[in-house]
Amino acid sequence: MIRVAIIGASGYTGLESIEILLRHPEAQVSYLTALPEECGHVADIFGSLRGRLDMHVEVLDMGKLAGKADVVLCCLPHKVSMSYVPRLLDTGLKVIDFSADYRLKDVIVYENFYQEHTDKENLTHAAFGLPELFRKDIKNARLVANPGCYPTGATLAIAPLLKNGLIETSGIIVNSVTGVSGGGKNPSVIFHYPNMNENFLPYAIGSHRHMPEMEQIASAVAQTKVELLFQPHVGPFNRGILSTVYCDPKKDLSQDELNEIYNTFYHSEPFVQVLDGPPAVKNVAKSNYCHVYPTTAKGKIICFSAIDNLIKGASGQAIQNMNIIFDLDETLGLK
Amino acid sequence: MIRVAIIGASGYTGLESIEILLRHPEAQVSYLTALPEECGHVADIFGSLRGRLDMHVEVLDMGKLAGKADVVLCCLPHKVSMSYVPRLLDTGLKVIDFSADYRLKDVIVYENFYQEHTDKENLTHAAFGLPELFRKDIKNARLVANPGCYPTGATLAIAPLLKNGLIETSGIIVNSVTGVSGGGKNPSVIFHYPNMNENFLPYAIGSHRHMPEMEQIASAVAQTKVELLFQPHVGPFNRGILSTVYCDPKKDLSQDELNEIYNTFYHSEPFVQVLDGPPAVKNVAKSNYCHVYPTTAKGKIICFSAIDNLIKGASGQAIQNMNIIFDLDETLGLK
Amino acid sequence: MIRVAIIGASGYTGLESIEILLRHPEAQVSYLTALPEECGHVADIFGSLRGRLDMHVEVLDMGKLAGKADVVLCCLPHKVSMSYVPRLLDTGLKVIDFSADYRLKDVIVYENFYQEHTDKENLTHAAFGLPELFRKDIKNARLVANPGCYPTGATLAIAPLLKNGLIETSGIIVNSVTGVSGGGKNPSVIFHYPNMNENFLPYAIGSHRHMPEMEQIASAVAQTKVELLFQPHVGPFNRGILSTVYCDPKKDLSQDELNEIYNTFYHSEPFVQVLDGPPAVKNVAKSNYCHVYPTTAKGKIICFSAIDNLIKGASGQAIQNMNIIFDLDETLGLK
Amino acid sequence: MIRVAIIGASGYTGLESIEILLRHPEAQVSYLTALPEECGHVADIFGSLRGRLDMHVEVLDMGKLAGKADVVLCCLPHKVSMSYVPRLLDTGLKVIDFSADYRLKDVIVYENFYQEHTDKENLTHAAFGLPELFRKDIKNARLVANPGCYPTGATLAIAPLLKNGLIETSGIIVNSVTGVSGGGKNPSVIFHYPNMNENFLPYAIGSHRHMPEMEQIASAVAQTKVELLFQPHVGPFNRGILSTVYCDPKKDLSQDELNEIYNTFYHSEPFVQVLDGPPAVKNVAKSNYCHVYPTTAKGKIICFSAIDNLIKGASGQAIQNMNIIFDLDETLGLK
């Protein structure tokens, strides 16, 4: 039984990770930590765990960690994470980090979108945890940078085209919509129920931090520099991301050709389903699946994808990475 | 043209009052005030007013108030309100107060549910602003205590029965559900969108501050002491209150008799509609109407009512009171 | 591995049953049937099953059934169900029926609220499938009548009081609110999104079919005739039922006494959690748990309960019953 | 007082038109018609009109129409509309038609996206009812084709750029999201509450009927052929459309230049507000306003617009057109 510590367990990704591990036949939650003001019995923090997990969320004791766990899910926010990860790695445990701190290989890009990077050493060897595209790197990694929710959905939508060199690598537009849980657990004016209900709006125009992450993944897949414009929106639902990606084909592709390209590319992937019609967020909610649908319209290729932002976009993908690292069936706890 | 000052204009009841006054043919917003950190152009505070009202919300200048307005809507919270109302009245203006500070005639009850009362003098002469039941008092009042949202809906649901002495005056159960705007504009953990969406819950069990207010109104109507149990719930919608009131008839009443009693009682009321089937919150949303439906089941009488908590439950009723005070058609701005 | 046939698999309870069985370590879906126009691959009927279950929903072939399954979940509607159940039982399989057809032991009551009963013979021996109250009957039953969603939540809320003879057995008021999935999968004017969103309303006033079912359960628990008034409402959320039950104590009970009574009564129940504050629908959504909270207010006892209407109120409870019948750990697939 | 007949009054646009006319100081509803099965008192059809309008919806009597009205709002669906409009015009009344039947000037395009056109004669002289772009045509028209909801929002978002020749006229992408009321009043599987709630999905991929309408408007404004790709989505809210339009500038434009271009273009428009940040659907809900915001990102221009699909996208715009035709202040009933 793999023992899993969750650092920063009091947020939404902590809860989702716990929920998945409760269903996992070969792994279990062994240690939960949070800031002092967010500690307590898990059932008091997450009412839905009452009767299902009898454990306390505690303040992290770095000295006890190694004896309590085999792997760490680090659910801390950006910047905070890189102040913990070096010490987590020093315990000898494998670390799967949910923050952006180890995702962007180009430190300058990171520092441009976030802040000064204080752990460049570990950045070098961190694997990018998107199994469908970088499974081999993950397998032997000590540190996995779990991808952002938007980049997961958007790049899975177009990876087969990029890999096969079938689309122009500039002018790509990623138009995405997320549910509100993507904004985290802290109350805010914009996500106050009476404001967000019956509302729909764009945000972070031309400047979302996930844009360079998408470009990095896309460029790695295409083996050439890819430039794209990413525009996120938020809508009145809890979970899910729908991405609509517009791109220019290098040559005309029929629907049959697109289907074949995608079905071939994702043939052995347990969590990517190629649909024959547009996806809907509801069909992937609470699951680790990504539904994709490529099609053509007026000379463009439009690729749709839908994921659950907290599962395939965060905690589910982390457990998928954990399964890979520990040589387990990749789908344990996730199907 | 009646000039209306709104004190505490930056919250939901401020916005609703402004919206109504923009449609009012004989009254207009003349002065808007708020705390310093909530001041600014109304369009920056309420995006829906952009292009519709070119006015700034300012810090209250008590010295200028009298010259700027004929009446004050005081939308301050409990406790704060009674620290302003004496000075507002000193300007000679009529005041319609949205807080609970002047609603409960029994100071001991007030102090039990709220805090020490610091303006008992004005409490004495304040009129209770529920026009359907206390119209005469309102007409000549200098200070009107605008009712709470729950008491408005619940007491209109059963007033005809109480007035005619047809139900037992104890054992009445008021089970109500409010939309989330009833909780105000400040972000909170419970009303954070991902928590409140797909949720439904009771709160303030057996102890809601509107319970004594309901008992006071009901007792005044029944001309005898009425005791009731009020249980509020909150559901995932923005606006409206549905109250389901269970009571015991003194003698059996047929549906026809109930209809006649209610239709007679509310015959000349412009804003109360007696339905022949159960009400729905949607049908009163954004309106000053109260829909009521009395019926019988298993020996009980069940009375339903639906109102918009921010209109008939707050700002609409305030303007209705203002119209009464200024001898205008009571429905101006409200139909 | 227990093989489970689901008759009438194309509705919401069919999907939930499948979802649970996909997580069940000792049972699996073996046969899915529906009306001809609702047949096809499960992934075309339920998009969320794509990639997770490769099976077709077929027209029922009664001759093949016995060879394909060990137990039948009969998810047919009222009236239709009792035209199938005799034949299902003739195959020798155990049957868990989701309809109301075998729930009401008093045929006259059934025929008053539904229609003529055409299978009185099997009605006699059917067990009422609420494990917390009737576990022994279920264990040896060939036919289990799975309870209604409202009766499950409401009676679990007050069973400890009834069992211990602590409340009056008349005058009980059950005020409940359901999410919209309780109304089933067929589109209707009232549940059309633009009508139901931002709405809240009561329905079936004094006449809901679950009222006699509640009275039957409550009377069986109290060992004396119990009379209650049940009033359902529907709110804008997908899943869950919150019941608020008002009753009169025979003698005053303190909060501590209530806690002890409930904790004792539900001590060994895996799916009932006694809370120390009011429940919220969100905390039981997608789970087989029932959260209960008894308290007192103004001389009344108020008992709250929350369940997921499709899980503890239908499919989860059916699998719980199946586990009992097959002598499995009662919680398999459900935790 | 202008007397307004509404043909096809039982749908959402009928209700919205009535609501606006109830606030209109110089026009009033005089005649309401619908199919026989949808006739009855307005309060029975629209519960929110109870007590506010005492009128019956009747079967259309073409012979009485002329004596009862000065103008007709024809809220019939596509195809049905063009079978009525010739007769409506024969009465001598002005007609504002909500369907698509008179919007597309190119009959071949119409017949490609809809069906055979049976009233080409009136098509010729119909004015396109988007006042901000075609006010002069509307003024003297006998027949106004009220625009589609999506084309209204999308073309107002980019009209200033097209008019000034500042963007490429091909490769424009219009990515839009509508609330569910855009799908009309008839129940359907997709818009059944439990399916649409917590969902988000694209539809009509590359083939929505509003695409040629957008191209026609855009081409008229640009005075050259414009080609665009329109992709609609639907989200879980009742009202509003948010359009995100991506286009390629012919030369770089700064934010200041964009602001000046838009503010100049819409300077005297009462219902278009140029924002200095992204719009939100909530801020235009229930209003006739269009909020627009142009900006730049990664070499593209992104233009956002938000409207209420039933007001500026339908009934409000129709009344705006009516006001223009009758030489009234264009904003009557709409501010």
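What to note about this one:
Order of writing sets the labels: A, B, C and D. Residues in every chain begin at 1.
Quick note on the criterion: a residue touches a chain if its C-beta (ideal position, glycine included) is under 8 Å from a C-beta of that chain, and two chains touch if they have at least 3 such contacts.
Computed from a predicted model, the values in this text were never measured in an experiment.
Steps from chain A to chain D, minimised over paths through touching chains, total 1. Greatest Cα centroid separation from chain C: this falls to D. One inter-chain figure worth recording: chain C and chain D are separated by 46 Å, centre to centre, where each centre is the mean of the chain's CA atoms. Averaged C-alpha coordinates give centres for chain A and chain C that are 36 Å from one another.
The multi-chain contact residues of chain B, meaning those touching 2 or more other chains, are 179, 197-198, 236-238, 280, 282, 285. Note for the complex: chain D touches chain B at residues 22-23, 47-48, 50-52, 198, 270-271, 273, 275, 280, 282-287, 289, 291, 335. Those residues of chain A lying in contact with chain D across their complex are 173, 175, 177, 179, 195, 197-203, 205-207, 227-229, 231, 233, 235-240, 242, 244, 246, 278-282, 285, 295-300, 302, 304.
By the touch criterion stated above, chain C contacts chain D in their complex at residues 12, 179-181, 183, 185-189, 191-194, 196-198, 236-238.
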